[in-house]
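We call the chains A, B, C and D, going by the order they appear; numbering starts again at 1 in every chain.
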Amino acid sequence: MAADRLLLTEITFHVRFAETDQMGIVHHSVYPVYFEEGRSALSRQHEMPYSKLEQMGYSLALSELNIRFLAPAHYDELITVQTWIERILSRGINFGYKVVRVADGELLVTGQTQQICVDRQGQVRRLPEAWIGPLKTKAGIE
Amino acid sequence: MAADRLLLTEITFHVRFAETDQMGIVHHSVYPVYFEEGRSALSRQHEMPYSKLEQMGYSLALSELNIRFLAPAHYDELITVQTWIERILSRGINFGYKVVRVADGELLVTGQTQQICVDRQGQVRRLPEAWIGPLKTKAGIE
Amino acid sequence: MAADRLLLTEITFHVRFAETDQMGIVHHSVYPVYFEEGRSALSRQHEMPYSKLEQMGYSLALSELNIRFLAPAHYDELITVQTWIERILSRGINFGYKVVRVADGELLVTGQTQQICVDRQGQVRRLPEAWIGPLKTKAGIE
Amino acid sequence: MAADRLLLTEITFHVRFAETDQMGIVHHSVYPVYFEEGRSALSRQHEMPYSKLEQMGYSLALSELNIRFLAPAHYDELITVQTWIERILSRGINFGYKVVRVADGELLVTGQTQQICVDRQGQVRRLPEAWIGPLKTKAGIE
């Protein structure tokens, strides 16, 4: 597959107070949660709800996480998380992310994650076609 | 003052995956964060933004927190946090909360918090009139 | 039963940086996590490991949480969480807590929780005797 | 400089219940917090306490975070976080991490972070010699 920024999805929300640290900025450990929120938004919007995958007995386990921090976010700021699929593999999906401050459009954070499909015993499995198929169709991947 | 559920504000959002625990439900330590999100929504909606209070050199420090857990919330569920002011004191505010699942209207959690006004040295102070005044006017409190 | 501060257990650790907020103090939503850490310490120390209860198919679900915040904790400070059983009920346990700063002995937080025993379907159940019995024996409760 | 695993420090603690998610494992966003705990342990143990750097008016801001997840950790497991300095730069420090389960020695997670020194205005600055000097001496770096 080769599509660029496949199924790009945006979700916008306010920074929570509890997400700040004593430097007065959003603590870095919060961004993986923002990314996950982005994946949830993507799967809801494109009718591949992650909760459905879990009902089928599978999960997407994170195998790799990379984040670059360019500028801090602050309490009460509106931020947008952009999430897209970079690559669909037989046993996993790579996602890309950007976090942008709404007020001035500043790019705060970029990131990538690699998710692999595992069953309830934690074994790596092929992504179930019933879940990934509609997504491929939508994305124009045969 | 005597108003009932003063400045009642609702904010609705999805439960995040990271907020669940191995019991498959939202971990109880997340509800204080939901309550805080409710207070932020209330202060934004009623033009008493908490960030403005912080700019004035004050904070609302939590002095008491009480929560009753009636039913669990789950990943991806839409929930509504209802937040209101129960009482305005010279040096603090008492808030009340309900968390409700949108799908079936089930009441999940109720709570109360007591916030006291402190300055940057952590000393208890009267709430600045410039911040609390407009709110009292709006609420019909002289 | 009537024992005072039954199975009182102490656990001491450093405040984590991520636990602070922009007020420069430990965010209040962290204390329920400290309390839980206290319960884990109690159950490990008194051979009633919570993980064993979970293996039996039960959980202790929080039904009520009350916290009073007296003074703030800060990053890198050593704090001690004191945890004890206030009351053993047929279907639950009430715990009490104190959080104390080691350096000066200042009492930072007090709290209580009510835990009820639930099975994997979330139904309220009697505490399994195999788990609670040894604890009662140890505590001198018939 | 070229030292291997400079100032390698270990800290061992139990996985907290709140750190698990509905997959029954430690949520991936917790590992950056474990890494930070590792850095705190390193700075305490080697007399370069991070709190002292903050008192000097500086912070170490995270500019990059990379994590590989090899196997999951579970509630109540004892884990050891190994933390070391990979490189000291004029304006920052690169750290490396391993998280290992104590019971069987399994390697769970590896990671790297890049920290840059910033002042209270968020400007990038040289690491203050009063703070980094003793560390270089200890590490045998001129």
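Brief remarks follow.
Heads up, the rule we're going with is that contacts are C-beta pairs under 8 Å (C-beta built on N, C-alpha and C of every residue); 3 or more make two chains touch, one makes a residue touch a chain.
None of these values were measured; they are calculated from a predicted model.
Of the two chain pairs examined here, A-D and C-D, it is A-D that is joined by more C-beta pairs in contact.
With centres computed as the average of Cα coordinates, no chain lies farther from chain B than D. Centre-to-centre, using mean CA coordinates, chain A is 25 Å away from chain D.
Rounded to a whole number, the gap between the C-alpha centres of chain A and chain C is 34 angstrom. Chain C and chain D have centres, each the mean of its CA atoms, that are 28 Å apart. For chain D, residues touching at least two other chains, in rising order: 17-18, 22-23, 29, 32-33, 36, 75. Interface residues of chain D facing chain A in the complex, by the touch rule stated above, are 22-23, 28-30, 32-33, 36, 54, 59, 61-69, 72, 122. Residues 13-14, 16-18, 32-33, 36-37, 40, 44, 49-51, 75-76 of chain D are the ones that touch chain C when the two sit in their complex.
Those residues of chain B that touch chain D in the shared complex are 17-18, 20-25, 27, 29, 75.
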